[in-house]
Amino acid sequence: MHRSTFRVRYGDTDRMGVVYYGTYADYFTVGRTEWMRDKEVPYREAFEERGLLLPVRRMSCRYLLPLHFDDALTVETWIADLRPTRLVFCYRVLAPTGALAAEGDTEHAFWDEEKQAPVNLAKHRPELWALLQAAADVFGADKRD
Amino acid sequence: MHRSTFRVRYGDTDRMGVVYYGTYADYFTVGRTEWMRDKEVPYREAFEERGLLLPVRRMSCRYLLPLHFDDALTVETWIADLRPTRLVFCYRVLAPTGALAAEGDTEHAFWDEEKQAPVNLAKHRPELWALLQAAADVFGADKRD
Amino acid sequence: MHRSTFRVRYGDTDRMGVVYYGTYADYFTVGRTEWMRDKEVPYREAFEERGLLLPVRRMSCRYLLPLHFDDALTVETWIADLRPTRLVFCYRVLAPTGALAAEGDTEHAFWDEEKQAPVNLAKHRPELWALLQAAADVFGADKRD
Amino acid sequence: MHRSTFRVRYGDTDRMGVVYYGTYADYFTVGRTEWMRDKEVPYREAFEERGLLLPVRRMSCRYLLPLHFDDALTVETWIADLRPTRLVFCYRVLAPTGALAAEGDTEHAFWDEEKQAPVNLAKHRPELWALLQAAADVFGADKRD
């Protein structure tokens, strides 16, 4: 699991005075980008520069407590499911008090940019697959395809 | 059900060349805002100006086909569940070809801005509750609390 | 000059209760995209699909009146300066009352995506240059390079 | 002058593959928020919670080099002009190499939230005016009104 802490920007809020519900997608993106950097599989170098993308197939979010401008929020990110054809990241967004503000997940395909098609990572990029498997702290998750 | 058609803006896209996954939250918001206007319960006048908000409690989205800059997309919006303490909007986002690009839903509470607390709409705003019930084309949904 | 009318989205606002100052960049983008479509030099087909981009070199905006959620704003867009190596769009954003809410401009280069270099449009794409010249309703502007 | 370093988020980019021109408004906002925190006049506590806002009256930006996803950019922020009725922040956005990627400024009014009117800070909030004057490292700028 990886923890990333940063502050709510002014433009993240809406006229309700709190963080806009769509902004959490950005927080999730920061969370998984930092998870990947922390695990030494940085998205840009390990994926994009090798022609691999991780498009989002599904996302969900539950909103429990509002966040406000300038709050130092924390995103906890981990991999909940890792298979040769897909990857699920889970996120918990914590308010400055440590209370759970939101939680959610995103499911990603492995996408070959040149072929414009999904790929089986274990077959086509065994070295990346091995790196991700080593990096994923998947508790109780099924890694088989 | 309400249909709203508009074009993908340049800033809606990301470096993958397609609409960023977080942007769909904006499309859903346009969808339900236009649904409400169409049903003569406009959000600003019928809710905000009476001190009522509809904060999002949960959202989910499934992504099926990418959308591109300048695509004329259509958002289909309807109410899938309406109860005195919550409301669920469903959305289908269609590509210019009519193919399903994404689908999802958002669940909302009824929130009293002054009290800063959720309210039972049927009890506290029976006239709005009646309007929403008349407006909601809920097929097969359970309207009881 | 082209007029484009659309509504303020919820996510366009910030916690001050009005449209966030950065959102006007999106409104300008809609304005020039619609100007180009209206003049039959649509950005995607006339520029992008021919390997030409119009990156922004400079932008400015003056904010006069706030805009609110659901306001039907109007963006007036015109070309204030057109030269073989650059293009200036001007914008006026009008509140629903017709009062001036904001005004600004953006300066663009003509950029060859393959060469990754600016180009002289009159020399390298004389047909597009002619189309743009015909389309630009440049009053009192200097079209020479 | 204050330096703030953070990374380009995925959603900050557009289909040109680089940071969208409207995103720089967000970077400027981070820059001045961090400047204020650093100078011990944090926006939320020193302004908002005392009923004072700093709405943007004018902004401009020049774009020199593109920024890419995951780049660690630096925003340099300083006050270029401070008067009892307005404030000008200047920004320089540096690429990871240290090269200048963009520069710009924002002009702000002092706005009384209750009165919904601009105020003369020196007269109405002399203590905040004194704090800002002490904090502003205004080189060669005219502080008189």
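Read from first to last, the chains carry the letters A, B, C and D; within each, the first residue is number 1.
Please note the rule applied: a residue touches a chain if its C-beta (ideal position, glycine included) is under 8 Å from a C-beta of that chain, and two chains touch if they have at least 3 such contacts.
Given the structure is predicted, the values throughout are model-derived calculations rather than measurements.
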Pair with more cross-chain C-beta pairs in contact, given B-D and A-B: A-B
Relative to chain A, chain with the most remote C-alpha centre: C
Rounded Å distance between chain B and chain C, as computed from the means of their C-alpha atoms: 30
Distance from the mean Cα position of chain D to that of chain B, given in whole angstrom: 34
Chain A-chain B separation of Cα centroids, rounded to whole Å: 25
Shared interface positions of chain C, touching two or more other chains: 10-11, 16, 20, 22, 25-26, 29, 68-69
Chain D-facing residues of chain A, complex: 6-7, 9-11, 25-26, 29-30, 33, 42-44, 48, 68-70
Interfacial residue positions of chain A with respect to chain B in the complex: 16, 20-23, 25-26, 29, 53, 55-63, 66, 106
Parts of chain D lying in touch with chain B, wherever the complex brings them together: 10-11, 13-18, 20, 22, 68-69
